[in-house]
Structures are given as C-alpha cells and as structure tokens.
C-alpha cells in the first residue's frame, strides 16, 4: 500500500530536480529539455498516483511531522481534501506545460535562457506543491518564497527586453508586499494558536478585532498572489510578458496558490462575522466586472487573457464569499454550493486558461506579434489552433455545454439560495452578486468574441499574418488534452463531485461522510442531457443544411461590400473597434488613452489613430504614491551607495552602540 | 399523465408553428398605423419556405464558424423554448436552475452569431456585432434581477414553478408593484433582445443603424432562413416569459387556457407593434440608458419584495 | 389606503429615476410636473378625517406644481432659446445608477429607523429621502440653470413627502408657506435666467464661478 504523502514528496523532489541535469548539458543540445520534460511527466505521474491513493484511502487527512534543525517549528506536511483539489492543476499543468515548452521554447533556439527557464519551472512546480502541502507556517513560507523567486525568473526569461524587466520587477515587489502580510498573518496566528501549526480552526474566544485583523491581513497577503481587483497590479504585465507556457502555469496554477491561502484563512474562525462573506462577495463582483472590462479594452491578446484571469478569480472569490456567508448564517447549502462552485471554477480555470494561453502562444509563435489588430484571418491558416481556442473561449465564457457553465451554475444557484432566504442582510450582497455575475458573463462573451474575431476571422491585415501555420504536434497535444478535459467536465460534472465534496468537508472540518452532496441541489446529470440535446439539435441542423445544399448547390463569392469598389482588408472591424463602445461605457474606470491626428487641410495626406488602455490601478493608484514616498525619503539615500569603508564604519558604529547599550 | 403528454405535444406544436406569426402580427399592426395594407400575417412563413429552397452564396472569406452560427443559434433558442412554460402549462424540460441555462443559451447564440458576423470580414457586420455584445452586457443583469424577484416570490429555482407562482397568489397577496416593475423591465428586454424599435429598427435600409439585421447581411438561402426562424422563436420565447409575469390568469380548463395563451401572445405582439408605430428609434448612444433603466426597474422590483 | 399610497410613491420613485435619466429638458419639466400632481393627491389618500385643509393643500399643490411652475419653466425655455438637451457633468447612466443606489440606501436606512408602526409600513420615509437625494443629484450634476431650478423643485418635493407624515400635526399654513417660497423662488430664478441669457448668451452655471472676484 503506497502512502499518498510519501508519493507526493517524491513527486516534489523529482519535479524540483527536473531542470538540473540540463544545467550541465551543452546549451546547444536539446537533450536537457527532453530530460526535464520526462522528469516533469514522471513527477506528475507519481504525484497523480499519490492523489489517487489519497482519494481511495478514505482517510480525511494524512500528515507527516518531523523535527528538523532549522529554527522555529518543524517540518510538517499533510494532505487533505482541499490540498488535493489544488494539487490536480499543479501536477497537470506542470507536465503539459513542459511538453508544450519542448517545441515552444526549444533549447537550440533559445540557448541563452532555455536552461534557466527549465530549472525554474521545476522549482516552481515543487514550491507550489510544498505550499499546498505545508502544515507548518515556516514550511509554507519557504515554499512561498521559492515559488515567488522561481516565478520572477520565469517572468524575466527574456530579460533583455525593458518591458519584460519592468513587469518582472513589479511582480517581485508585489510578491514581497504579499509575503510581508503573510509574516504578519502567521505571527498573529501563532499568537492565537500558540504554535506555527497550520490550518487548525482557532478554538476558544478571541477578540473580534484580532479575528478581523487576521482575516484582512490574510486576504491582502494571499489576495496579492491571487490577483483580486485592486491587488492585481502585477498580473497583466507578468502574464503578458512571460513565455506563453509560463503564462499558462502562472495564470492556471500560481494564482491558485493565492486562492488556496484565501480559502484556508476564511476557514480560520468557526463563527465568522457576516461582513466577511459580504465583503468577499462585493470584492469578487468588482473584481469580476472590472477585470473583464479591462480585458475587453486590451489590444494585446495576452494582456486580454491576463485580465480575464482577474475576472475568473473574481468569480471564485464570489464563491468563497458565499461559503463564508453560509458558515456565518449556518446554512450548509450555501457552503456546499459556494465552495463547490469556487473550487470547480478554479479547476476549470486551470484547464481553459492554460489552453487559451497555449493557443495564444501558438499564434505568437507563428506571427511574432501580440497585437491582435495586426492579425486576422488566421482561422484558415491555423484551423486546429482556431478550433481549440474556440473551445477554450466557450468554456471561459461559461457557455453550455462546457465546464465553465457548470461551475458558474453552482455559484448562481448558491446566490439564488441566499436571496430566497431571509437571513439578515445577506440578501443585499447576493442580490448584487447575481446580476454582477450575469454582467461578467456577457462581458466575457464580448471579450472572447473580440479575441476570436480579431485574430482568426476575416482576412489577414498584414503580410506576416498570411504566413501563419498550425504548430508542431508537441504543442497541439497538450492543448487537445486540455480541451478534452473542458468538454468532459462540462458533460460529466458528477465525476468531480467526490473530489469537491471531500474538499468541502476538509474546509468545514467535518468528516466527509457528514456533508451534503452537491447533487442534492444541482441536477448534475442534467448537464449531460443538455449537452446531448444541444449536440442533437446542432447535428440535425447541420444535416438539414447539408441536404438542402445537395438539392440546391451553393456558390462562392466575396463578402458583400455594399457596392464599395475597392475594399481592403484594413476596413474590417478590428477587435479594438469591436470593443470601442464598451470601452467608452466603462470609460469612468478604464481611462482609455487616445491619440488622434486632427485633419485640417482639404487634402490631408496622413493621419493616424491609436488607443490603449493601461492599468488604471497601477498607473493612477499605486505608482504616484510610491513615487511620492520615494521623493519624500530620498534624503536617506546618501547613507547607501558610498564606498565600502563607509559601510564597514556603519558595522563598527552598530557594534559600539550595542556594546554601550548592553553595558548600560 | 395523458394530459401532460398532450400539453407537451401542444407546446411543441405551438413552438414550431406559431413564432413566425407574431412577426406577421407586429408588421400588420405597424402597417395599420401607417395606413397601409401591409404584408399578409403569414408572410414570414412564405419567406422561410422560399429561403430553404434557394441556394446559398458563401463568402470565400469565411470558415466553418460562419455556417455554424445560424445552426447553433437556432438549436440554442429551440432548447431555451423547451424550458419556458407556455401559459399555465409546464415546460417540457424543467429542473432546478434551468433559468441559468435559459439565459446562457441566449449567450451561446450570441457568441456564435457575432463570431459568424466577424468571420465575413465585412465592416458593417462587425459594427452590428459590436452593438450586439455591448447591449447584451446591460440587458443580462436586468434579466437576472427579474429572475431574483420571481425566485423570491416562488422560493424555487426552476422557470416553470417560478413563472406559475404569480397565478398561485390571490390579487391581495400578490406583490403587484414588483411584478409590474419587472414586467416593464422585461418588456424593455424583449424589445432589446429582439432588436425592435426603439433599440433597433429591423426595417431600415441603412446598415449603419442596425444591429441584428446587419450581422446577417452575408447569410443567404437556408442559413438566412434558420436565422429568421430562430429570431422569431426568440421573440416568442421572451414574450411567453413576459406573459406569465404580466398576465397571470388561468381557468383550469386546458381547452380554454391554450386558446387564451395564443390570444395573449398575439395581443403582446400587437402591443409591440403599437410601440414600434408610436416611437422613433433611439440614437445608439441613448440605448444604454434605456437598458440601464430596465435593470433599475427590475432591481427596484426586487427591493420592494424585501419590504 | 397604504397600498394606494405605496403605489403612488413607487411611481414617484420611478419618476425620480426618469428625471435623472432623461436627456430632454422638456421631458424633465413634464416629469417634474407629473410628480407634483401625484404628490398633490397624497394628502387626500393619507388624511383620515374629512376636513377642508387637505383639499386646499392638494388643490394648491397640484395647481402650482403641476401647472403654474411648469408653464413658467416652459416659458423660460422658450424665451431663453436654450438647447433642448440636458448637459450633465457626469453621464446620464452614472447619475441614474447613483440615484438607484441612493434609493436602495434610503430604503435600507428607513428600515433601521424607529418609526411609528403605521409609518414603517408605508414607503413615505424612504421615498422622501430618495427624492431629496434625487434633487441633490440634479443640482450637483447638471450644468444649465434651468435644470438647477428643477433640482430645487424635486428637493422640495422630497421635503413635502416627509411633511405628509406630519399632516395631522403641521398647520397647513406652514405648508402653504413653503409652496409660496417655492413659487417666489422659481419666479425669481426664471427672471434671472431670462436676464442672464440676454446679457451673457450662456446659461452655463459653471461660468458663474467667474463672478467670485
């Protein structure tokens, strides 16, 4: 009988070491990347076996605790239902991403940074596993820091580019602000619990202000990593500028580490006050609407995908808020639907977002530009990528019969449950969140129609776009795998019910047999019926058209141009034109920048128009105060930057001061 | 059991045969206001028959999504139509949460319609797609706020019991103000989603001013027939949704209730025709205000439910 | 009785949102007039005993708010030849949303107040708060002088609704006094509008800031 936890630790070590053999192999040879990918796949397989073993072992939690020579605390790891849910995307995307990277970031084509990338990739995987397995604050923080640094180097892969360096720095600063909050969080938890042991619900009475501080600090610390709305400043830049398979793991998995923390912190009190859940509902709604509104306004398709992550984290936050409300009000149906929806959406997002980022990577690989307005018509040249991206886009928009629909469905039903009840003031936030979710859905359709329409539909707008071609099999296979998962979860959500239920039980700290099953509130088999009905209707329609075409053959002609004599591909509606109305509607928060050349002469010879939507929070909310602080404390700067002798003098002065202080 | 099967059968028959008639009634009403004779009430049926017999012209620019658009959209609205109860009779398919499926099926149709429009590469169709996705962002929240009221009223999460709950109340216990408010909100949604005046003018000849008609400029023959038929079903379904909110009457005799449902549906299309006759199309920039006020009406109805 | 008052107040609240959302000045004036007439009906519905006072108040309110004031405003509109469009400082949709938020907050706030049971059943208190807020919103977000006048009018409507609670206690002379003030105020403002228009050819109240010297 293999022990799940031991298997996990083995997987962790294998993943961490996956990039190391490559370090000593020639930078021109592709051998290192194959070894790394193989080790990653082996690690994920071992980890997957561990997960299966855990799932069938029937025990709710398995834990290992060893004392070690490091100060403060001991080495404690454990696996329970909640950790298991988060381990799935880590193992899956790490393996698939490394396969994708074989072709996307071939060592022989990227001799300068291929080794570094693979080394950090393995470290990132292992660190994220450590974070979700940790049962001791120090272990978690170690994993957290390794994760942040590995991700930093991954973002900075193309470090000769100034934009990439800037994005990586913003990421590093945000990561460290988050870590600071975590120091405070674990300090407070130790004060309350008396040890660094993690994720035990606080027993006994603690003062309200302390509980509230723990909640707020924890939400900020983990929320910075998750990227909920005002704290998302690092996210768009980092996701857009990293290599695409790195964006996939950042968005699909790294953000989830933050969500993991948020869910754990939310569970730290047995009876949380009402406003915790309500706040999360409101923040989630804001994050969702504004995240996707920013996505709609982007012209860079990877930035669009990055902002859509903010939106999805918003939806997940709504689910967590719902579960917290349920815990406050003692409604277990809200908990099951809210947390079940949040966790399922998280799993779904870690399937379709990597799929979309890998698809975007394939486009980028083929045309070497991230500006969707320069593309167009790629559907003809890259039909496979196009089909895969359509599946990903439909899933992320929550359209039936794909997986996004199932998770949003759970959250909707939960919100309806809240508003149908008369519990306190909870209905206010639920009544806000349900229409907000509807708006998010509609905006997501707009954003992804823009993505598809701008890149794949119509005719190519530039020469490069017309030379695109589908990528290599090694890049297609991971995408196909992810797309199949999206379809399967959409049709057969009951296969996920067991995993989710055990996670919910772990969150409620009750034995898994005691929780209500999701199937009691939601007809899980209905999704299969709906999917089949849609398929039948679609198939029947297609057959009808086919038969009618046989009777009366169709002819081909150019698109009707309303009698215009010389249409060019440049008069097509671009993605930016598509989103112009929405950008204007949300202008009060997006602050789009436009530059227009005003035409004055009778026969003006040249004109140009450009628009962009930079991140409002970063450019208007974060950077100005930081610059002000920098100016305010610039007088302190001369202390640093002097010769070494001066530094040694500081050391001496400090020593003397200490001596004087000690002998006082 | 037999009665149930019978009612389901009538539901299906009405769903398949009746929708094009609503558009005929609307056009007849408009013609009457304009002092014209107008096209026959059954005109759309003739159009559909003619269209499916024609050949298609398919743009060389397009891919499979151009042809998938009308097919999937029609499939989605047909499925949505199976979720809505007609009058006091149960819908053929109902389960907890079908209201969400209902709303998202329209989103599915929108996704494919707009993608197909962009697939042609025509700037006009892109313009229509842009308007479609923009206005949907404002009408979806209104729809869900209206659903919240009905959920609150009925305590269930399925369209059939939800839409039947106003009938179960007597006039005194019925929250008339809330229902009237969401009725008004839903009416605006019906007009906006089906691209009627004052949001969109289906009869104009200027592509620049249209939404739905301009998105389908390049579809022809059977595909265009699918689109027109799908649009008429969409109108029918949304009117049936509205009907249960504003006219919760029943007699308990199927022989009376089915004809009553048909008459009521025709009456709603007359009302739409009257609205189209007496109003001008709004400027595009004013449409969002109208849609936001639909949300506010429904939200207001919800607030009043809570008192 | 409560039901009919509530129905009336719901219409009043909807009119508030309409006033915030409309882009035509004529529609704005008509909406305000309609609101005035509806509010004129209120004393008749609320008053339990048969006495002449409510009828006097109702008649005075309806004539003044429903007919005389709108006539004056229309005349000012004609004389000054103002463009028909409202000029909002922030867009119409944001003001509408703010108005809706204000209404929601008013309802939530009113439910927290310790009111006499018969008052907590009706919408009188929240409607009054919401109408006052609407008036403030119109005052603060619209540029033209004439829309400012309508803002004051709506503000007064809000106070009037609150006054309905005190109908039994408040001598109707006070109410008539308020109406008189309002009348005089609007009279003066419409004269001023006329003169400003003749002198400066602009009714943009932002330009009044240049008078601060």
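Think of it as A, B and C in the order they're written, each chain with its own count starting at 1.
In this text, a contact is a pair of C-beta atoms (placed from the backbone, for glycine too) under 8 Å apart; a residue touches a chain by one contact, two chains touch by 3 or more.
Note that the structure is predicted; figures quoted are calculated from it, not measured.
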From chain A, the most remote chain by mean C-alpha position: C
Innermost chain, where centres are averages of C-alpha coordinates: A
Centre-to-centre distance between chain C and chain A (centres being mean Cα positions), rounded to whole Å: 50
Approximate Å spacing (C-alpha centroids) for the pair chain B, chain C: 37
Two or more partner chains touched - positions in chain B: 288, 299
Overlap residues in chain C, where contacts from two or more other chains coincide: 93
Shared-contact residues (touching 2 or more other chains) in chain A: 585
Chain C residues within the chain B interface of the complex: 6-7, 10, 13-14, 17-18, 21, 23, 92-93, 96-97, 100, 103-104, 107, 111, 123
Contact footprint of chain B on chain A as seen in their complex: 376-377, 379-380, 383, 386, 390, 393-394, 397-400, 405, 408-409, 412-413, 416-417, 419-420, 427, 431, 434-439, 441-443, 445-446, 448-450, 452-454, 456-459, 521-523, 526, 530, 533-534, 537-538, 540-542, 544-545, 548-549, 552-562, 569, 571-574, 577-582, 585
Chain B - residues contacting chain A, complex: 52-63, 65, 67-68, 70-72, 74-76, 78-79, 95-97, 100-101, 103-105, 107-108, 110-111, 114-115, 118-127, 129-131, 133-134, 136-145, 147-148, 151-152, 155, 157, 207, 217-218, 221-223, 226, 288, 295, 299, 302, 306
List of chain B residues in touch with chain C within their complex: 176-177, 181, 286, 288-289, 292-293, 296-297, 299-300, 303-304, 307
